[in-house]
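The letters A, B, C and D name the chains in turn, as written, and every chain counts its residues from 1.
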Amino acid sequence: MFTSRPLIAASAATAAVILLAACSGADGSDEGSKAQDDVRLAFLWEIEGESPVGLSDFQNGADLAIDEINEAGGIDGRQVTYTRVPASPLDPQASTAAFLKATNDEPAAMVGFLASGQAVAAKSALDRAQIPVIGIYEADDAVRFGNQGSEFSWALNGSGQGTSLAAVEFMTEDLGLTSLGLMGTNEAFGLGQIESSEAALDELGATSVGTVTYDPTATDLTQQVLAMKDADGVLNWGYPNPLAVQLKQFVENGLTIPTMTGASGPIVVNAGLATGKAIANFYSALPCNPGGTESAALQDFAAAYQEKYDASATNLAAQAYDAVYVAKKAIEEAGSDAGADVNEALAEISVAPEDGIVCSSGYQADGSHILNHEVNIARFHADGSSETVSTIQVPELPVAGE
Amino acid sequence: MSSRIAFPARLRPTAATAPVEVEHYRRRRVSLVLLMAVVAAFALPAMATSRSDAYQVNVWLLYSIAALGFYWMFCLGGKFAFSQAFLMGLGGFVSAAVTQGGERSFLWGVVVAVATTAALGAALGWVLRGCGEFYFALGTFAFVQLGSVYVQNNDWIGGQHGTQFGLAPPTIGDRVFLSDQDVFWLILAVLTVCMVAAALIERSPARRTALAARTNPLVSALSGVSVRTTPIMFLALGSALGGLSGAILAHWQGSVALTSYGPDLAIGILLMVMLGGTGSIWGPVIGAGVYVFLPTTLTGLEQYSEVVYGALLLICIVAAPSGIAGGVERVWRYLSRRLRRGRRSTDVAG
Amino acid sequence: MLRVDSLEVHYGSTHAVRGVSFELAEAGSLALLGANGAGKSSVLSALSRLVPSTGQVHLAGEDITRLPAERVTRAGLIHVPEGRRVFPSLSVHENLLMGLIARGSRSAEYAIDDVYDLFPPLRPLRRRSGYALSGGEAQMVAVGRGLLGAPNVMMVDEPSLGLSPLMTETVAEALITVSARTSLVVVEQNLQVATRICSDAIVLRAGEVVLRGSSADVLGSEDVVSSYLSA
Amino acid sequence: MDKFIALTASGIAYGAVLTLVALGFLVLYNATGIVNFANGDLVTLGAYVGIWTTVDLGLPTIPSFLVTLALMAVVGLVLEALAYEPLRNQPALVAVMGTLAAAIILRGVIGIWQGSTPRALPSPVGDAVVHIGGAPIAGHRILIVVVSGIAVCLVGLLFTRTSFGRQLRALADDPTTTRLMGVRVRAAARISFVASAVLAGLGGLLIAPIGAVDLTFGFNLMITAFAAAILGGFGSLRGVVIASFVIGLLQALVGGYFLVGYSSVLGAVLLLAVLAVRPSGLFSMERSRL
């Protein structure tokens, strides 16, 4: 039964929406490219609502940095503008397309890519575009320069190995634990972190009571929790949801041993996924902990963030903020906003707190293009507050391939 | 008349799923494919002016190959396989494993990838031979879950927990396809070959047999049609296209990660074929284009993009249940009939 | 009770029913006769609005031409379809209960026990599932289910199809009993059965009415014989 | 021994969760013949609405549950009107595509409303822990089993003892003849959309306190529940309940004793094995009965 009316109406509606979207999209990117005097940056991340994993923290943190820089006179007297292109961390194909779209404006540098897989998938595109991208992910082996990482990709956070090493070091040396249990998701993130934690355990002479993995979407970890009964501490490399399940089930089983995790920790605590007793002995190895810091600069950042967005600053926001300042310093050092020049400068620069950064005592690239070499250990309290109990320097990784 | 066939749920024939469209102009198909290939060869590079456009055109054409494979298994074979996205990834992993160390060439990798995915498709089809539509879909989904865990835990195929890097760029003889523009020619050539094959299949008795086996298994069996092997054949052929597309994609990008081939893409391939049209070999190509370019077009809407995307899909499905290709064809037929007769059609709804 | 004016049914380019008109009095009974493909079943499907049609249909003075199928049924024009169509996963008793939906708040002609009285073999089968019934048992369920809907007019499609002579007899007897109180339209290939159940008959050929009259007249007419032979 | 009890309890609780999610599928599948891909996102929505009423509005447990389920009923109606009714006369798969698009819209709307940071829903029984045979079992898991049990019984009664239940089963058997019985097909579709949305919402409310809620929360549950529905021979209430518990116990016990870490794929292995030898599911040895 063919009726043309709904079809025509639908086509018209579709055309209208697409036109609208195309126009609004064009508006957004034009602002940046029209003024030739401006220093252009590009951000590669989604914001809330654009996908199930989109968070606005990165954009907010970066925005705050841009505002501050522009108020203080910009970079070498030129105002900074940016375009944001949503790059999905879950779909490398779409993410590479987003990166390429961002290159149309020829920005001096980009900040973004929230998963190292995005940088790996975009390697050849990065090589050809010759614009540096400062990623906010923990670098795994693949993304290291000299291995499969592009000469133009940089990792702000440090490496997964570094995080594992610091976590194990804190558990064994500061907490004095000798037999640790390892948990993690049964996909790339968990498996990779477990592998490097096992290496760190070996190196530091601690013993492992067992390794268990679980599905990233698990809602029941009874078997995994039971396997941890003999440990005096647990490293759990997982996402916030199963981490919350584990913490609650520890309480149910009367386990009070410390749990250490990575960047998921603050999300579990801040979102209240686990509360009270469940987080009384909970630690997180982080590049940055704006929630419980003694650093004045980081506290100032957190206050400014709170004022502007009426939300507490997360480590993600702080890192995006720092990444913008790293880009600024590189552009200043290069004395040019040609991507290739900025990239060369990135290899040489040393960014210190007086340059505006708040998370680290300094960013300096190693041969693998990893910028940060510091891991903060945050300890959470039953009331949801946190404090940074230790800052651990991790050794630079040997240059991949050598 | 109610379009649902009054069988008990369990016995409902798979024909109730994909509508069977009658095609009129079969003979012109191959020439149309070649004509469109020539048009694409001139038009696409001219239209894709920016880097991101050129990249997305390549993704579109590669997804078209995989979607065409899905069209074969689903629209001709009558099997709704959830495995196509995973098999794309697997094609990349297999080819990466084969070409590792540089001893075997790109072509070797692709051939082994295609053979592996075809064999897996056939094996899946055989294991699940007795299953109805939804059961088959879930069976293939279970296979994907198992396969994913295997790939992530076995370095020889999955590299580093489901990511393989450092694949050599596509090379044929001395010709290395490096840039996106170079690779475009390779992909277009491969897609053209696949489309010609598809056009030939549309003309062949195999399609008739498949449709017969799907719409009335009992009668077909009684007429000597092998009801079981025909869908398995299309599953193998379709899965082969998945492997082919994935292998080229992996070599073009230099890496392959399992995360790219999860449930989102699996549902995406179904969307491509349903949106594009289940009744024509052009459906998958049109649908893949919509799938690749529509979200990019909507990015200006920021957080509303996902809602609008879903709403547009719903509008498309409601307005053109037989897909865009089907809708276009109906408009075309409607217009040509009006032109010819010069008066309102007397065709009664039926 | 039922008045049909110039009913037309098209299937695509096929013109299945061409201007059929008839009237059925209260407690009247009408047999629709004709060869295979004459359009008998199409008339019933059109009246119960399973297929689109044009023309007017009045039931007890009410225009039901544009109502959807379920409303037509609820108005009391009950269609017992060809092939019985007993619900396989419902028990016999539950199948019969399905008939009550159509009755709504209209007054009941038959209660469920009356159906068991009308078809005694069904009583011991109350709990048996629909899929385990024989053809005759299924036909009894289908007719009983129709009766529970309190039909103003009940339309029965091919009641004797595929039944043994003995079973055909049982069903025919039951329908004769029913016809004393309820208007009936019966589509039937078997001339003898049809004319025994119904007082009047019309004969269709290629979708058109070619003959109408009392059953006895129609049975004696040569037109009937020829219409059955020349399909 | 306490390990065995703990694992068994965990398997039973998971089975109850699966049953609850699978029930929504069943009701709708019976009435409309389609599988609702938006079911998972309805589970997510139920959880978020529960968080909204409990945490944001501060309602007590019972009112917040009732408000949530009432809102879910409205969502079910809207879903039916927008995504199903326009496609009712299309082939089943086209209607399924409609639910797929609806799922994307739903997820987008939840994303705009609630963002992507995971949220927590406190359990009505708090952190209570019950000790059975020396094994600690969370009070909330027991609550899940109890509520699912009640829901299953209610749905069972609805299907076998009421006219509406008969109508649903008749629709599943033969939609055309069901219309001839005077059954209002549109109304039946509406009611089943409402029922399945309410069941999904209840599932979301109950499962959310175990861990945390995010935008993909329901989708993953849906997939496993779907496997349970298929193992149980789609359409059979008893079969689905049994299959859900088989999957739950298999994952907990086999996964707990032999293959720690691989428990999530055991369901997939079982499904493939069953489909290979018994293509119409484990428990449909005869015509499935609800």
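Going forward, a residue touches a chain if its C-beta (ideal position, glycine included) is under 8 Å from a C-beta of that chain, and two chains touch if they have at least 3 such contacts.
Remember, predicted model here, so these are calculated numbers, not experimental data.
Between chain A and chain C, the least number of touch steps comes to 2. When chain centres are defined as mean Cα coordinates, C lies farthest from chain B.
Chain centres here are Cα averages; for chain B and chain D they lie 31 Å apart.
Note on chain placement: the centre of chain A and the centre of chain D lie 35 Å apart, centres being C-alpha means. Centroid to centroid, with C-alpha atoms defining each point, chain B and chain C lie 49 Å apart. Residue numbers of chain A whose C-beta contacts span two or more other chains: 48-51, 54, 186.
Within chain D, contacts with two or more other chains are made by residues 107-108, 111-112, 172-174, 176-177, 179, 235, 262, 264, 287-288. Along chain C, residues 50, 85, 88-89, 131 each make contact with two or more other chains. Taken together, the chain A residues at the contact with chain B in this complex read 1-2, 4, 6-7, 9-11, 13-14, 17-18, 20-28, 47-51, 54, 85-86, 90-94, 96-98, 100-101, 103-104, 117, 120-121, 123-125, 128-129, 140-142, 147-148, 186-188, 191-192.
Across the interface of their complex, chain A is touched by residues 3, 6-7, 9-10, 13-14, 17, 107-108, 111-112, 115-120, 127, 129, 136-138, 207, 210-212, 214-217, 220-221, 252, 255-256, 260-264 of chain D.
Considering their complex, residues 50-52, 54-56, 59, 149, 152-153, 160-163, 165-166, 169, 178-179, 249, 253-255, 257-260, 262, 264-265, 294-306, 308, 312, 315-316, 318-320, 327, 330-331, 334, 349-350 of chain B touch chain A.
Residues 48-56, 186, 211-215, 217-220, 222-224, 226-227, 240-242, 244-245, 248-249, 251-254, 267-268, 271-277 of chain A touch chain D in their complex. On the side of chain D, the complex with chain B involves touching residues 29-30, 33, 35, 82-83, 86-87, 89-94, 97-98, 100-109, 111-112, 172-177, 179, 219, 223, 226-227, 230, 233-235, 262, 264-265, 267-269, 271-272, 275-276, 279-281, 284, 287-288.
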